[in-house]
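Paired with chain B in one complex and with chain C in the other, chain A is shared by the two complexes that follow.
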Partner chain A sequence: MGIKQGFVAGVAVLVVSAALYAGPSGGTISGKVTYEGTPAKQKPIDMSKEPSCAQQHATPITTETVVTGPNNALENVVVYISAGAPDDSTAPGQPAKFTQKGCQYLPHVLAFEVNQTLEIANDDQTSHNIHPLPKVNREWNKSQPPGTPPISEKYDKPEFIPVKCNIHPWMHGNFAVLKNSHYAVSQGEGSFTLPNLPPGKYTITAWHESYGDQSQEVTITGSETKTVNFVFKAKPY
Partner chain B sequence: MRTLKMKSIQLFLAVIAIAVFPALTPGQQVDAHIGKLSGNTDAGKHLYFRYCWGCHGFRGNGEGENAPYLNPTPRNFVAAVFKCRSTPTGTLPIDEDLYNSVGRGFNTTNMPSWIELTDQNRADLIAFIKSFSPRWKTEKPGTPITVPPEPKLTLESIRHGHELFEKLECWKCHGQEGYGDGPSAATLTDSNDQPIKPYDFAVGWRFKCGVTNHDLYKIFMTGLDGTPMPSFADVIKPEEAWDLVHFLRTLQVTHKSPELTLWESTKEGAEQVAAKKIYGTPTGSGVKQ
Partner chain C sequence: MGKFFAVILTLIALASAYPILTHMYVQPVDISTHGHAIDEQLSDTMAEAGFAFLGAQLLLAFFVWKYSSRKNGVKVKHLPGGAKLMVATAFIFVGTEVLALGVLGQKAWAEVYFTAPKPDALQVQAQAGQFAFYFRYPGADEKFAPLHPDKIDEGNGNYFGLDPANDVEARDDIVTAELAIPVNREIHLLMHAKDVGHSFYVRELRIQQDFVPGLDLSVHFTATKTGKYEIVCTQLCGLGHYNMKAYLNVLSQEDFDKWLKEKASEQ
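Presenting the complex of A and B:
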């Protein structure tokens, strides 16, 4: 009995340590998302109808359909593994957080996984209605007055979902519901990193709310770091 | 002996076939249940291609021949997002909700009441309409919300309802006096990006999803999916919801309801209602004061 159990325990230790070892030593894909051409000029938002929000912004904020950084960097691009990685069987335990503050969505693009809890909070002194507009997932629309607890929701199918508030028509955001944990949203410098990728052949896709998506094939062998850059053609309108 | 055995095998196979492939036996398909009625998809198909497809389209996607001329646009049964439900926001309605919608029609839209059809006809139509979207195969309808019995109507209830109307900012779209002219009204669009108007309480007494207080309760506690009207189920307590119902009735100044009568019995109520009533009367049609 002792021998058999000992053997099982030994194997378990080996498996666990192998899994731990494989995690950080996987390959990495990193790169930069940029644009070429002239992107549309973002318009200032008039929040005078909602004074409690307007006074939170010293200078009026602009629309965020295209957000750029220095050296033609493109922000808010969701870079993810669209093929080659297995779907996550269990969603991460921690919720993805989406906040309404100053009549603006923070973040503008929120990426999370299928069946991961999405937590939506209202930090404003005004009522919002959260109205995501999915095509393949279920469409719901909920009111959230100030001071009410966060709304918890989930999506069970991968999809890019525009989000709006009907009360404040300038409010516009996006949910990216993805099948696995290998994703990143490009920030200020347009850079992204997808770490811990086991060896394999991957299709890596970059999605932007105004410029659509594009994909590249990448093969990872061992613990190398591969650079993949994406260039979007900016539209002037 | 042998023939008997053959027959029993044939019978056995037939039983298996019916049990395993019920959907393949023509004329036996029952896909909608409304009380004692059972809707039949095949029967509904004939009715659909006689009465409904002109607007709702050959494929049920709401893009029928007449659709470009209609506002709001006809319902898209492929998307299977429905306004009038007894189920929470984001869920499929129960068959009875759809059946009631077809019988009632949609106030302020081009969808007429199909009360002229028989009850069986309408049940059959629901069965067929459900065949357009795969959602009906992969998802279950939501559990209807619980509507507690209506408490006694009081002035406090109306006043508290008014506070809720302010606090929940219903007026942002529906306007302070319920004319549907709130600050956000002009920019509202439905989920197809088509402009849509918030309900104007002063012009009538029928709501999109019914006429009773019970229907009104369900409208804001389930939301009208596909429109800007959200669900307030998470933010209003059931007992408070009835207060809001009582207050909303007093905004319907052209419809004599117990709520309006009670409200008019107070001085402030009588003044408010009198000031509004010119709107919608033959002499003051369209005049707002």
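Presenting the complex of A and C:
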């Protein structure tokens, strides 16, 4: 590398660093996800055929296709920037962790980035067979007897992927494979925060496994905080 | 050496017969109205097979003992009629035995499989799928709603493929992972497989019936003792076959009504 090329490369590094550094001082989008109407009743899960799992739950857990919180809050909604933000060129180094415990997937919805390592652990005393059902990524299913090390996998295309266990039919979860690091999964209060957004025009999308997705346009001009709320229509069946 | 072999043969034959003659392995308790006929049939089969087995082994030992130390050069004597008569006798002997077992056994079989359930039998649907059993009760309207396999959504607890949004009948159907039944009432179990072949086996009920994909099969039985019994899959059905089981819970009518009400509230 000559002096000139070195200089150009150096400037490039500085410019990229500056752009990345602009992150923390950027704007923020926050808000709440709620529902209106009557959501489907969640049913208790009978795990009596798998005693080692059943005894981990003092009261039976229920299905989790619609999880709600106080004041009509809707949990497990993935809120992410679907347009306006550049795709991440490198995936985060730390793995996204997905655990099978008490014959249940924890968390129920796991969001992570394209090419980020997904680490799947079996904390149970029984075998599981994890089977995500992607449509655009490569499909696989893997057996995981108790006491075996975590399984590492990656997805190279963005997609929402339902996950099931081939041994325990009631086990159900979701992977949200996203293109950039601007995402959040709504928790107990239905609230979410997407910080560190450089100025720009964004499409922000909220995705729910039963209710589909909806989007809004948001323009960030400086280090402001903008509020964006999503309301999903719930149906009893 | 021949005499030693004869003694060993006799000992093996007697040792094999001992656990059966002394009933060392007891049958699991019979909780069904038809089970005694199956048990009798099994013990008839065991007696017949055991008699033939012991007879053949002891006769073999006797011949080994008697002719083992014969000098060389003595001419072999044959039974009159030669090999052909021996083979014919064996065919008649074994044929009669098999035929007798079949004729005697058809009653035990027919009682379960060739008779229709009583019209007032309680209908319960059983679905076998990799790797769990699920059961459906018709609910207050006493009607099973139609099934839509495309609506199966196990993560949502919809194991059967009900469509409560469009079928009003589906809204009160009760789906459970446990087969609870009232004692002393005939049960008509309507069986179908969701994916591959499975089997419904409750040893205490003396019932074993395959689930065959694409076929609607059924069995009927009456349980006579309350208690909790294991339902296992006895048809190798894949990776989780060893883990495929459910429980049969035989309850008093009162407890059953309470149980069904509780399950209905969970739907």
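The criterion applied here is as follows: the second predicted complex is superposed on the first by the 216 of 237 C-alpha atoms of A that agree within 3 Å, B and C clash if a C-alpha of one lies under 4 Å from a C-alpha of the other, contacts with A are read in each partner's own complex, and residues count from 1 in each chain.
FYI, contacts are C-beta pairs under 8 Å (C-beta built on N, C-alpha and C of every residue); 3 or more make two chains touch, one makes a residue touch a chain.
Since the structure is predicted, the reported quantities are computational estimates derived from the model, not experimental observations.
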Chain B and chain C placed together on chain A: clash or fit? clash
Touched partner set for A:Trp207, first chain B, second chain C, both or neither: neither
*asked:* Which partner chains sit in contact with A:His172 here, chain B, chain C, both or neither? Use first/second/both/neither.
replied: second
The answer to whether chain B or chain C touches more of chain A is C
| message | So in the superposed three-chain picture, is A:His131 touching just chain B, just chain C, both, or none of them (first/second/both/neither)? | response | first
- prompt: Taking the superposition as given, does A:Tyr183 touch the first partner, chain B, the second, chain C, both, or neither?
  reply: neither
For A:Thr63, select first, second, both or neither according to whether it touches chain B, chain C, the two together, or no partner.
second
In the overlay, answer first, second, both or neither for which of chain B and chain C A:Gln144 touches. first
Request  = For A:Pro44, decide between first (touching chain B), second (touching chain C), both and neither.
outcome  = second
Among 110-118, 182-190, 236-244 or 272-280, chain B clashes with chain C only at 182-190
Footprint intersection on chain A (chain B / chain C) at 49, 126-127, 129, 143, 166-169
Residue positions on chain A within touch of chain C in the complex are 40-50, 63-65, 126-127, 129, 143, 162, 164, 166-173, 210, 235, 237
Residue set of chain A touching chain B in the complex reads 49, 126-127, 129-131, 133, 135, 138-145, 148, 151, 166-169
Note: in the complex, chain B contacts chain A through residues 79, 81, 88-91, 139, 167-169, 172-173, 183-184, 187-189, 191, 223, 225-235
Touching chain A in the complex, chain C uses residues 129-132, 153-157, 159, 164-165, 171, 176-178, 239-240, 243-247, 266-267
